[in-house]
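First up is the structure itself, then whatever we jot down about it.
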Amino acid sequence: MKAAVVLRQVPDVVEDLVIAGDGRSLSEEDVMYITNELDEHALEQALLLKARHSGTVTAIGLGGDAARDALATSVAKGADEAVFVPVDFAARGDNVVLSSHLASALREGGYDVILAGVHAADQLDAGLGGLLAARLGVPYVGGLTGVQLDAGGRTAVVHKEYPGGRLGVLEVDLPAVLGIQSAEQPPRYVPVSKVLQAKRALQVKEVRGPLPQVAGVTVRKLLKPESATHAKMLQGDEDAVATQIVALVKERGLL
Amino acid sequence: MSPTGIVVVAEQEKGEPTDVTLEMLACGRELADRAGGPLTCLLLTDRGAPFRALPLAADRLVIVEDPALGAFNPEVHARVLAHQLKAMAPALVLLGNTAAGMDLAGPLSLLLGGTAVSGCVRVALEGGVIVATSRLYGGKLLAEVSVPAPALVLLMPGSYPRQKGMRDRVPKVEVQGGAGLAGPLRVRSCGILEPKAEDVDLRKVPVLVGAGRGVQTKDNLRIVEDLARALGGAVCATRPVVDQGWLPRSRQVGRSGLTVKPRLYLALGISGAPEHVEGMKEADLVVAVNTDAGAPIFDVAQYGATVDILDLVPILTEKLKAAKGGK
Amino acid sequence: MLAETKTMEIDGEKGVDATKAFLGRLLLLPGGERIAECIQCGMCSGSCPVGYAMDINPRKMIAKLRAGRVDDLYRSNSIWLCVSCYNCTYRCPNNIPITDRLIASLREELLAGGVGVPPELQAAFEKTARYGNPFGESPKKRDAWTKEAGVDVPVLEAGESADVLWWVGCFGSYNKRNRKDTIALARLLDVLGVDFGILGTDEWCSGDLRCTSQGEEGLFDALYRHNTAQLGKRKYKELLVGDPHAFNALSKEYRRLGTPLKVKHYTQFLAERASEVRKLMKQPMKAKVTYHDACCLGRRNGEYDAPRTVLETIPGIRLVEMPRNRENALCCGGGGGANWLDSFIWERTRMPLPIQRVQEAAKTGADVLAVSCPLEIPRFEDAIKTSGLEGRLRVREVSDMAAEAMGLSGVRVA
């Protein structure tokens, strides 16, 4: 089994997100990067598949220098190969550009299965996985909480999550791209000493080359929603409050 | 806009359009009226009959009927939709930002030569340009995006009023066969697994009712459980409540319990200690009720009230049941 | 838990007996060699507050090692029940460093193997590694509390100096329940005219994690290197800490790693100035107070008097002692990472430690349970609620009490 995992670096929301002067992007110097959480799940799922079916896992880190650290952590966790794809700040959240750029790099790889998080906090356009699959001409199923490969490594049986805890079971011919919602177990912990060791010994293949010029989404404005630093207090007695809560629940489509 | 204007790709469950479908129709209706173009609802299903007489707020309802279109299959649906949408050539396609929609957006956008935008809470037309507002970073930021046609916009559930997805007349209905279904399938649907009744993984429940010390006694949990049922959710608790043995450890939310990100977290009698907040602060909507107006939970909640929860809860349960009954 | 570990591969050599390998590593640690002197007296197990719940208590752990059965230890839950209270080490007649070497090493092995480690603890490590604090709060906001202090709290940049460098700590900086106590200490230092400063956002977690035996040696080293580099850039005569865990890390562990530091806990600092402090007292505090000896200040570092001295400067206070006081104090159960493992531990033990302790405090007839460690505030506050003692017993930090008696409490604009 030859698996590839795409790990994107996304802005860490623990830090305040600062909008740049142009009002349309984030201020680059204020951004602290973290690996997209669902991509961590994708890596975990890949490592689980490797343990079950033997084979190799290639970790592909997209972004700036933070991506190299993510690759060291991935190798410390058990990935066999590390590939760094440098991406300019402006394009880091553009899945149309990223999928096009990655497709050329991945086509040569001969991967049976490519895993990516089904969603990223900074994504505006369609998910990376679906776009990547379409460019590679392979099938895509996303929102997965379980992946099993058959003995021959030709098909995958996946569990696709629907609301209310229902799971769709689908069979997918490989090669395919799979969008992971959550790995079958939480992303494993790797001690800091192991990561530092991996960093020292890290051998990274770099994918150089210009980013493709593809038209994507144009951001006109970035804004902060009305921040609720304090709750809006509902007035009245129990009856009035209950009525207001029911309205809120309906408004959110939760009834 | 081109003649066919706007298409809503409907989702259905057990013979009914889903809520997000009605919300998309509400959105599409608003835009279509402004642009002066038609709104088409496109439905893929194995049984079209239940939908023919629905007063959906579309001008035209195209039903593609075929046994293979029962369960969702991203490859099948993408093929059929691409076939239909290429013929319709709309300027805007609305999809639900759902398990199905998110599988389709990427492949469809490439098949149609269009651009997809996800996580949208609003769609507008400004000078003939489609402008979508999308949520980023879990709602911390909003992006206003202009999208060239053909645009595929994934709409977040709860963004538009469902009731505006229906109106006073039934649209023109067209039923077609499943053209585009021919050819080998690389993705095959093998059925649905329903969740087991006993296993409650709090992390997968969209509505959580959090019980804190304000619940006061184990017996009072009964009314909290009724409320959770009425909301289609589950009861979780802070550590003091679990320590008392009123609920099992699997229901604990917080630093040494579970971290949850439900769509609604109703915090009852919870003070909002950091240890608990750590486990639930990323809920989409937090409504907190605590008689202490200074409780820190009100810094985390979007809405709050200081009424007595023991009085509020039974009334709230009744009102919710009544509201659901009218559906 | 780790399944087959009867033999391991060490440095490329296969088939090494796992127990021998473990012992080999243990013997390299300072004091680790004393494990050979165990006389199996059972003092450790007998004095362990959760010993009854361990399938393999400390004495048995050593017996198992002697029998070549380290595998059993890897499979045991006992390792994660340890709250790092230091009773075993304190009472061992041969001074075997059970807490900091045996338990710590076992945890290190399990962490490296990635098997059976409670996820809440892993999350705390990951957050500390990334953000410099176990809460996952932004490192840029570490000194945000100073805005509410009501007095000037200078942040020392590189190259600057002060007589006293105050190490605030993670809980003191970020935790809302400790906020007023941190502010109280700031105001105490101010009214005493102390020339002090803090590191601000350059301060990272002291790494208490490792010193109280959690097993993340790599993380501790990274924190140690950062913190000592930052300390090295400032000039100061004394290092003051509010948190006994940081006190222990900075004075004991940093010394072991090569950076000796002169550290004082704030109660020691104030006790040295007791007469000055007494003169500044403005209003009596009529309360019966019992003091809880923090493990990291008391048993680990022998400081029992300073906090009592400070409390005695407050007019109107009557100090009473709990039966288990000083070196016999019952741990609050939050040490050694246990603060994040309560669910795990309480599922396996009978009566949670903080509940036992507040009940013991209430029995003395005290109105106030005084503490000198920030972890104890949330732990005892919750325990008081759970035990139904709300209204009868309050838990308060010594700094908060002293500040109030000096008329320094309340909202202030600097």
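By written order: A, B and C. Residues from 1 in each chain.
Methods note: a residue touches a chain if its C-beta (ideal position, glycine included) is under 8 Å from a C-beta of that chain, and two chains touch if they have at least 3 such contacts.
Please read these numbers as outputs of a predicted model, since none were measured by experiment.
Engineer: Please classify the inter-chain touch graph. Allowed labels: line, ring, star, complete, other.
Structural biologist: Contact map by chain: complete.
Engineer: Have a look at B-C versus A-B and report the one with more C-beta pairs in contact.
Structural biologist: Answer to which pair has more contacts is A-B.
Engineer: Rounded to the nearest whole Å, what is the centre-to-centre distance of subunit A and subunit C, using the mean of the C-alpha atoms as each centre?
Structural biologist: That pair's centroid distance is 37 Å.
Engineer: Just the number, please: Cα centre separation of subunit A and subunit B in whole Å.
Structural biologist: Computed value for the inter-centroid distance: 21 Å.
Engineer: Between subunit B and subunit C, what distance separates the C-alpha centroids? Give it in angstrom.
Structural biologist: 45
Engineer: Give the residues of subunit A touching no fewer than two other chains, as numbers and ranges.
Structural biologist: none
Engineer: Mark out which residues of subunit C touch at least two other chains, giving numbers and ranges.
Structural biologist: Residues 136 of subunit C touch two or more partner chains.
Engineer: Okay, in this complex, where on subunit B does subunit C touch?
Structural biologist: Per the stated touch rule, the residues are 213, 239-240, 242-244, 249, 252, 255-257, 273-275, 278, 296.
Engineer: Hey, which residues of subunit B end up touching subunit A in the complex?
Structural biologist: Residue positions touching the partner: 19-20, 23, 71-75, 99, 102-107, 109-111, 115-119, 131, 134, 136-148, 152, 154, 157-158, 162, 186-195, 201, 204-207, 231-232, 263-264, 266, 284-289, 293, 298-308, 311-312, 315-316, 319-320, 323-324, 327.
Engineer: Spell out the part of subunit A that touches subunit B in their complex, as residue ranges.
Structural biologist: 11, 13, 17, 19, 95-96, 99, 118-119, 121-127, 129-135, 138-143, 157, 159-173, 176, 179, 215-225, 228-234, 237-239, 241-246, 248-255
Engineer: How about subunit A: which of its residues touch subunit C in the complex?
Structural biologist: Its residues touching subunit C are 14-16, 34, 186, 188-196.
Engineer: Give every residue of subunit C touching subunit A within the complex, in rising order.
Structural biologist: Subunit C reaches subunit A through residues 108, 111-112, 114, 117, 119, 122, 125-126, 129-131, 136-138, 140, 216-219, 221-222.
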